[in-house]
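Order as written gives the chain letters A, B, C, D, E and F; numbering starts at 1 within each chain.
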Amino acid sequence: MNDTLIEDGRVALGLWVKLPLVESIEIAAASRYDFVVIDLEHSTINTERAAQQIAMARALRILPLVRLPLAARSDVGRLLDAGAAGIVFPHIDSVAEAVEAVRLCRFPPMGERGVGPTSRAGGWGLMDLGEYLAPGAGQPYVIAQIETAHAVSVAAEIGNTEGVDGLLIGRTDLTVSMGRQAGPDGVDRLVATYEAAAGSGIALGTAVGNSEGVDLRLYAKGYRFVVVSNDVSLLALAATTSASSARSRLHRD
Amino acid sequence: MNDTLIEDGRVALGLWVKLPLVESIEIAAASRYDFVVIDLEHSTINTERAAQQIAMARALRILPLVRLPLAARSDVGRLLDAGAAGIVFPHIDSVAEAVEAVRLCRFPPMGERGVGPTSRAGGWGLMDLGEYLAPGAGQPYVIAQIETAHAVSVAAEIGNTEGVDGLLIGRTDLTVSMGRQAGPDGVDRLVATYEAAAGSGIALGTAVGNSEGVDLRLYAKGYRFVVVSNDVSLLALAATTSASSARSRLHRD
Amino acid sequence: MNDTLIEDGRVALGLWVKLPLVESIEIAAASRYDFVVIDLEHSTINTERAAQQIAMARALRILPLVRLPLAARSDVGRLLDAGAAGIVFPHIDSVAEAVEAVRLCRFPPMGERGVGPTSRAGGWGLMDLGEYLAPGAGQPYVIAQIETAHAVSVAAEIGNTEGVDGLLIGRTDLTVSMGRQAGPDGVDRLVATYEAAAGSGIALGTAVGNSEGVDLRLYAKGYRFVVVSNDVSLLALAATTSASSARSRLHRD
Amino acid sequence: MNDTLIEDGRVALGLWVKLPLVESIEIAAASRYDFVVIDLEHSTINTERAAQQIAMARALRILPLVRLPLAARSDVGRLLDAGAAGIVFPHIDSVAEAVEAVRLCRFPPMGERGVGPTSRAGGWGLMDLGEYLAPGAGQPYVIAQIETAHAVSVAAEIGNTEGVDGLLIGRTDLTVSMGRQAGPDGVDRLVATYEAAAGSGIALGTAVGNSEGVDLRLYAKGYRFVVVSNDVSLLALAATTSASSARSRLHRD
Amino acid sequence: MNDTLIEDGRVALGLWVKLPLVESIEIAAASRYDFVVIDLEHSTINTERAAQQIAMARALRILPLVRLPLAARSDVGRLLDAGAAGIVFPHIDSVAEAVEAVRLCRFPPMGERGVGPTSRAGGWGLMDLGEYLAPGAGQPYVIAQIETAHAVSVAAEIGNTEGVDGLLIGRTDLTVSMGRQAGPDGVDRLVATYEAAAGSGIALGTAVGNSEGVDLRLYAKGYRFVVVSNDVSLLALAATTSASSARSRLHRD
Amino acid sequence: MNDTLIEDGRVALGLWVKLPLVESIEIAAASRYDFVVIDLEHSTINTERAAQQIAMARALRILPLVRLPLAARSDVGRLLDAGAAGIVFPHIDSVAEAVEAVRLCRFPPMGERGVGPTSRAGGWGLMDLGEYLAPGAGQPYVIAQIETAHAVSVAAEIGNTEGVDGLLIGRTDLTVSMGRQAGPDGVDRLVATYEAAAGSGIALGTAVGNSEGVDLRLYAKGYRFVVVSNDVSLLALAATTSASSARSRLHRD
């Protein structure tokens, strides 16, 4: 395994985690995903559970990111204390919001993250404080999610905000936020604009519903990470498919 | 059962849920309440538990509302994703706050609710996206709670805000927020003002401590839903009553 | 409050606890029950939850008993370690079973309870071992439940088994186990036989569905404790009653 | 849906549930399985969780069975109280064990199941006692699992034990218990013997790893229910497949 | 025990609680701490768990404070409803923030805390409303945490804000927020400024990593409460020390 | 780390785990214990929690043993399925009990452990069945606990039972089970008899209350593993010590 999300030479592969289960982390690690994104925007996983999932991911050496809205700002520090390797902030629409996201994730003087060394991230207080506070490789990733046409138009500025490590786009969010009448072409144009941000060295990410949405040209376009499906949809689709296959085999005439 | 909260011809009957139990939902359904309000303002029920309660309510076809303050805005989408049929927003004191409440509950372009189709509300990702996004009967109810004298004075405007489906008043909150010296008469005058809002077609709701607070004139006054007591107070009162009755029967002289 | 279940001059009043809630304990204490019986025979409360309930009962100084079948013998010691004040053993049909029940609850040489002083009961290991092991007032109550006609016929022997502190009868269990065709008279005769056991100084207990089943003659008949209703039935009945009352007040014509 | 497990004209389709999630039940219901078997033999699901899963299954009208070893006999009544529609008993090797299984599931006079009407199964005490106790359609299914060569040899007797509703065989268990050197032929012979039991009107069941193990001749052979895969294996396989597919699409050369 | 945090003649002794355990509360009470601070800023304890811890602390008569950031404002009322004796607000940097903190903790007309009498704090609705609302001894403590050089410079004003009961300083936070280059001397000067606030009658508090940081001159300097270490660091240090001691005794040469 | 409990050249160091926390496992791993024993005899940790602790221990490569009485036999397979590296069976008093313990832990033909390859231990069903079933290094340790004078007298026979990997003695248990009047000398004699079993190549283990009970002569006497203290006692002692130290420093005169 690898402790880094973003690196030259590969597109890191991730899984959204939406079920309140440590087993989802264990299965992601066994399936050799590079990272998970524990979703606290679009699931009801609570903070204690997320902390258990983060702990398991660290133990199994799969990178645990957490998705948290800016509006849940008081949870950012809690989950970084719990050992999250980074935060995915949804709906970052401006540089000001990106700056705020960074501020929540960095210790003073770069930011305003509270100091909590008695947590998992600080070795329960046994780690040297300097090590806990040290910037660098271990510092949390800050990923800004681009979900509106306006956000796409300032994606490069958001991506170049000091402390932002990468961007994440999702076609579905974008499609809906544009008003669906804009059509696939409109979304294609937005995606192209988004991808242009890679020109200034910004690491791009994307999320797709299944592996067919993945493509070997992603790397060349500047993508360095991709989230493919999520635990509960994989389970639901597999269960439905198995049931209908079994049923048709039982009742074939 | 009935999937609607507000309809002509009846006053829907609800129960506050304050205990971290799915049994409270099962008992409410068995007791033939029309809806429950899972209270995340004045209980400590967490998001995972609320999601289980919502799931159970949907399964048993009793309407699950959730009470959430605007300050907990990041949880609104999570609980709608989990299948809540609507949100009761406490302390809505102005049209601006009502607009914000609606914005959190409606998808673009009407609002800014994030798109989370891989949740229970979206059939874990197996439902057609259009169906998940469709406005109409299935869209979440937005109920604005009126708790101050000032809020009463603008109750009609709040109730007529586009996207607001109904209002909810409670005498206790109002009494305390007025300063209790205002007395019952002051509260009665406020309630009358509140009820006047029904004139412009706004659905009214109220909450009372027990069934004696319910009255067959409610419908004529414009009330379409009433919340009567809550699980933990019902349990506490029943236990106390049973104990003192038993004790007096044991020790009668 | 009082740390004893059985004492001259009163009939102690208890509540079955069937909900996985510490609130049930708090409410029982506030309602001034003398004891609770946390039911691990006819609910699905698990061991961790029961331990929290026991801890809360001890903190609030209401006596926590636990009901556990002999077949769950490996949990007896765990819940005594957790601080249970006694065990109610259902379906004790013979002296041999009563002896086994005692054996599980007493340390050597009287019994074979394992030594677990690092538990709540042992002050997490900080209490003096002698104090933890000391027989006497603090030792767990052993209550044998009499639920069949045969068990009634040997109730006096069961109650006089060394280490058995009291008996508990329930009409419902007895009625069903007799075959219901035996009728109320048959059950009355069994109850009379049961009550005769009080003649040899055995403390009797009973369980009734509600306070109307309680009666000031109980003490004279030898009863020293009575369990009246349970948390979930109190809640369900209160909710149903409130709903139907409210509904009739809303729709009275 | 259908409240019966075993009926003429179909092979009922089930799913093992091994994850501590109500979502597994919801997904099974949405996928239109006829029943689930909540596995308390080969998972660590605890009693509170199993009860939540049972409650959800009942609410969604999918039949909840629970697998419990005879050695966990004290949990049988608890989970029937919680609303389980039946128990699958693993490793029933003799008629005596089958009789014991039935005894745990039937009220007196047919068996010795304890009376617990204040549970979900008894409507929290609000249901009429006679209804709660009534034998007939609603009474729990007793399924005996056949897992050794010896058990196969007495399968017909086990299946004809009064109160046993069906049998369940699994090739894997059988293969391992025979000693794997017996080979596929040995197992085939055992399966044939097992299927011969259908001749005396016994309902047969089987469990297979995936839908390819299902076959339209099952009905004719006497099978009336089949369990196909389980939640955690479906999730693990889907996650692994998705990851390796995505990875190959990212790195194809 | 004593229901007050701040009183003449003593420095109250507290423990941070960071583990999701009621046992931490029980152990703190047994160890005769005067108060606990359940930390919802730097742990992942969720609201249901915090409520259980608060309930246990009240039952054992040890004072339960909760640390909650202003950004988690919607949880303040929930945990006061659950029975918290006060809130520690981290990062109070201005009088305006102090005023906001008070506003969240006081009922109208002094503040805007919502009325939730059906909670533990209101006796589940059985307590007289006037008693629930009464200001005075029972009203929640508001403690403002001073964590930046700027906050120190206005500490006296913050401490004298109406409704603020005390201040809390921590050297670590201060050191990091100053930029660590300021050195111990810089921090010492800040601490001296902080202590000067005691001159206007403000109750001071501090937090230290272990008992060696405690000193009998604290009282004279104006300190009335001190938090010494936390559950998880105590456990981690004890486990590490025990392991290394045991290992050295096993392998001494 | 090392996957083996028993090996030449060292005395493995372990910690009892009694708190329902994954943090206890993380701290044990960080403190470099070789193994943990998750105690399901003298704590109330439930099966789901134990499974999470086992999973964390495996992830962090610290060996997870579980203590389970023979009377809890139906949980042995569940926790081995969950990934336990071995079972410590308390109160093994005879060879027959030792044989039974082995039988529960070994697959056919050596034993009667049920086949559960869809569990963690079987890679959720993705592992090759042969690998799951393979005897050898990975097979669970069976440790028999010697707790009575009689058991000591047959300790060598128990230790030489095929499939038993080691013995565990504890002075406290022994002292109490003898009747405490036997005195330290009596216990010393029993310990000497126990240690004599090492002569026939049996791996010995012991449990002590703290590191002072550990001694470099253990290895020579045949001990290969020692359990030193437990999580909750370490926490309780550290909290008490810290409080009394702080208090004396605050109030020194």
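By our rule, a residue touches a chain if its C-beta (ideal position, glycine included) is under 8 Å from a C-beta of that chain, and two chains touch if they have at least 3 such contacts.
Since we're looking at a predicted model, the values are computed, not measured.
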item	value
Chain-contact steps, minimal, separating subunit F from subunit B	2
Chains touching both subunit A and subunit F	D, E
Reference subunit F; chain at largest CA-centroid distance	B
Chain pair with more C-beta contacts, C-E versus E-F	E-F
Inter-centroid spacing, subunit E versus subunit B (mean Cα positions, whole Å)	34
Centroid distance [mean C-alpha coordinates] between subunit C and subunit B, Å	39
Multi-partner residues of subunit E (at least 2 other chains)	20, 23, 27, 30, 46, 123-124, 126, 232, 235-237, 240
Chain contact graph, described as a line, ring, star, complete graph or other shape	other
Inter-chain touch pairs (all)	A-B, A-D, A-E, A-F, B-C, B-D, B-E, C-D, C-E, C-F, D-F, E-F
In the complex, subunit A residues that touch subunit B	16, 18, 20, 40-46, 49, 68-69, 71-72, 90-91, 147, 172-173, 176-180, 209, 230, 232-233, 235-237, 240
Complex interface listing, subunit B residues touching subunit C	10-11, 13, 15, 19-21, 23-24, 27-28, 30-33, 210-212, 214-216, 218-219, 226, 228-229, 231-232, 234-240, 242-247, 249-252
Complex contacts: residues of subunit B adjacent to subunit A	46-48, 50-51, 73-74, 77-79, 81-82, 107-109, 112, 114-119, 123-126, 129, 133
Subunit E residues touching subunit C - in the complex, by the definition given at the top	22-23, 26-27, 30, 52, 55-56, 59-60, 120, 123-124, 126
